[in-house]
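Next up: some structures, all given as structure tokens.
Same chain, two partners: chain A is paired with chain B first, then with chain C.
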Partner chain A sequence: MDKEKVIQIIADVCEDDVVLEERDLDLFQEGLLDSFGTINLLVAFEDELGINVPITVFNREEWNTPNNIVMQLEELA
Partner chain B sequence: MNVLQQIASVAKEHPEKVAYRSAGQTVTYGELWEQSNALAHTIKKMNLPKNSPITVYGHMSPKQIIAFLGVVKAGHPYIPLDISIPSERITHIVEASKSSFMITTEQFDLEIAVQQQAANDLIVKGEGAQNNPTTWVSEDEVFYIIYTSGSTGKPKGVQISESNLRHFVAWINEACSLPNGVYLNQAPYSFDLSVMDLYPALTGGRELHAITKSQIENAGLLFEELHDSSINVWTSTPSFAKICLMNPEWNDEQMPDLQTFLFCGEVLPLQVVKELKQRFKKATIYNLYGPTETTVAVTAVEVTDDMIKTYEHLPIAPVDTGVLKIMNEQMEEVTDGEKGELVIFGPTVSTSGYLYAEEQTNKVFKTHEGERVYKAGDLGYIQDGHIFYAGRSDFQIKLHGYRMEIEEIEKQIEALDEVGACVVLPVKSGEEVTALTACVALHNEMTEKPFKVTKNLKEKLLKAIPNYMVPKKFVYLDSLPLNMNGKVDRKRLAVEVGL
Partner chain C sequence: MIPYSDFLFFLITAIALLPTIILGFLGKSSRKYNLFITVVMLALIFGLDMGNYTINWKATISILLFTLFQVLLIKGYHSYRKNKNHTAVFVIGVLLAILPLVLVKVLPFFNLHIFGFLGISYITFRAVQMIMETRDGMMKKDIPITELVYFLLFFPTVSSGPIDRWKRFDRDFKKVPTKEEYRELVYKGINKIFLGFLYKFILAFLLYNKILVFLPDRTYGVLDSFGGHLAYMYVYSLYLFFDFAGYSCFAIGVSYLMGIRTPKNFNLPFISRNIKEFWERWHMSLSFWFRDYVYMRFVFWMMKNRWIKNRYTVSYIGYFLLFLLMGAWHGLELHYIVYGLYQALLIICFDVFERWNKKKKFWKNNKWTHAISVFITFNFVCFGFYIFSGALF
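Right after this comes the complex of A and B.
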């Protein structure tokens, strides 16, 4: 799995390049992601990486930062 | 019978029946009735100024609705304040409404100008109190006040009377053939979509099942809760249904009792309806229309297969309801196909308008041929005997079902020390607004990276306006482009920032 591509997808969905630089940023606390952003993110993972993340697996504790999202995706891929 | 009398008769006949359920807590109609009597009794002993509003701060606890009923039994209107409302906005609402007291059902740490007490303490103090209908809010007295975004930069309080609410409940029961059973509540009580399920449920002796913010944020918990809920009537924004549709297992096997979907608060996309029809084959879907100012909703359309095949956008009303008309600037009804403003008639139009805001009230509440009407600012047209929505005549938008005035957001951003000027632009996909972008000209040259500046501005902004009103993206410009009249050229700006 291309880690940089994942980070770029997150940055695109959040519409903020801060994601590229600060990879331990809590995206929910920073207001960069909400329930609607989450949906766009999961759709983008499916479309661009071919990884299906069931919405019931996603939670805000383990999928909160760019680094943690990469880690979770690696487990699913 | 008025709203409280209807609930009283349920409590008398079926005291053991569950009235409300949320996060594992329940209250029966008997408990709801007695505890709200107790709370009302304690409030009355405080001798607060007559008819002064009382704020109720909290989320989905059963105590929240006990407090609502207790307040109106004591003769005061209530103002629901959800935990998601930021501190500065709460302070503003408490002061602007001249409210005399605050009841809390969740931890509350803010210093405010009025006394506050936990609902539970008020109930305990008044235990055993008798019912006293003489003080109940009735007829044209204000039952609740809900604050909504205002273009002046501050939210405005919409006053809904007992008569408004009673007529709304009677109308929706009939218009949507509401069945008995379990009703879903998804919206926070500070958002008037919640009224659409709260009072039809309580006055009809039905069970209201409220889901919480933390359940919505954790899809695993949310679907577990929905699966075990036996919900018959679903009320939500279309945006919330979209989230649920992301789960392929959300269907009539998981929720076999679901009979009726009620959607309101924003445009109902055709795609959402198509998907729902496939997954819930036996359910009926209603598209409802109405602003807070006329008690949640005034028209409903049952979405038929024929409509899905024929139209690109779903109708919001039949043409002949008598409560929704399309009018031109001279207040004459338009002909078929012609665009005009939606004007609302009938007994659910707010009797007293906005609280302490006469000028704003007079701008949109008018008398037309002897009848009180509300000019919604929404545009529409008539086709094939239906009314269709066609956007706004001003800067009000709906984002994920939340109504907001772009000008309020701009004024709040301009109030920040660093900011010289600001324009907020909606990011659209078709007619639907999907996000907001703030175009900002700073006073001084930027010394930090843009994302750090944005982070700082967003943090400050979150104290003044709710999360959902904070623009997602901030773009920095040396100055904002002006048109020939010296106003910011929004169209040129949209092109410049690539929208």
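Right after this comes the complex of A and C.
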């Protein structure tokens, strides 16, 4: 799995390039991601990476930062 | 017997929990004992008619049949999902799980009062969650029946929530807290319970009996008609908060004493800066349930199938669906439906503003805008509860 591509997808959905630099940023606490953003992210993962992440699997405790999302995706893929 | 409604309930709960607390302080597991007292407490809650101290057979049989139905449904879907995963079967499963609740809401309109009991909606919310998470592949292991029933009917939260999550609940259930951890739980639990006394039996009680009963019209000339309604709006909103937050404190406190960290329901809702934040602070376990299992599912499904091009349109339809359902769940009366529509409109208008503001930077973030935002949000929220109260129409 292409780690940079995942980070780029997250940055696109969050509409903020800070994601590219600070990869331990809590996206929910920073207000970069909400439930609508989460859905956009899941759709993008499915379309662009071919990884299907069910909604309830994506919880805000373990999928909160760019690095954690990459890690969780690697476990799933 | 309605949980947390009178002194007798607290007395019985305290006596029943005494062995739990002693076992906890010794660092021993009270799991088996807690299962036992849950059965006893459920028998009292559903089976005892406090009016004339007789057995309420109707409620007892209803809850037994209803639980059996939900357990069979969850176990049946779980074993089906091991090998297959058709969307139609999932949809039928969810519809069956909510069918009893829908009947309870709809049948009275046809003058049919067949069954119905305290807590049916909250048990349904937990059951639907089990089916959704099974569909998502979250239930890899078998679900033991005892634990499933304990989760569905956990007596501290059985009547009105908070709505826990299976994964979280199961983790607490399996883990025996150490002496130190348990001491912390008891400290927090007792604190919560006393906060509950303050909220529900002092503040909510006084607000209701000393002020609310005289509003909006019986103010003896102190307030004019408009003033009476305005006062009613604010006092009712505060009453609603203290009453339900007080109940939630009891439910959480008693859960803590039993080693279950039931999630909180309220997080200072009246300091919210906007309506989205408000719904992350008010009746949280319910709004998160609707967010995760209604809004997000709907939006994801619509986007995946690409039936509507504009993603924001999909999101706004999702908000209407969420809040209409939430309104209808409170009751099918007009004021509940209008309340739902009102909340959906607020959230959509705020979303449009938020996106516009992100580009234009019109509403900058400083302490003045913060204070004004809280003030505006508070007033919109209170007007929503004014609709909700039924005083308007």
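Just so it is clear, the second predicted complex is superposed on the first by the 77 of 77 C-alpha atoms of A that agree within 3 Å, B and C clash if a C-alpha of one lies under 4 Å from a C-alpha of the other, contacts with A are read in each partner's own complex, and residues count from 1 in each chain.
FYI, a contact is a pair of C-beta atoms (placed from the backbone, for glycine too) under 8 Å apart; a residue touches a chain by one contact, two chains touch by 3 or more.
None of the values given here were measured: they were computed from a predicted structure.
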Applying the document's definition of touch, where does A:D17 land relative to chain B and chain C: first, second, both, or neither?
first
One more residue to check, A:D34. First (chain B), second (chain C), both or neither?
both
With both complexes superposed on chain A, which partner does A:E46 reach: first (chain B), second (chain C), both or neither?
second
Which chain, chain B or chain C, ends up touching more residues of chain A in the combined arrangement?
B
Common ground on chain A, meaning residues reached by chain C in one complex and by chain B in the other
34-36, 39, 42, 54-57
Chain A-facing residues of chain B, complex:
216-220, 223, 239, 242-243, 246-247, 249, 400, 435, 451, 454-455, 458, 462, 467-468, 470, 472-473
Under the stated contact criterion, what part of chain A meets chain C in this complex?
34-36, 38-40, 42-43, 46, 54-57
Okay, in this complex, where on chain C does chain A touch?
132-133, 135-138, 276, 291-292, 295-297, 299-300, 303-304, 311, 315
Using the touch rule from the top, collect the residues of chain A that touch chain B in their complex.
14-18, 21, 30-32, 34-36, 39, 42, 54-60
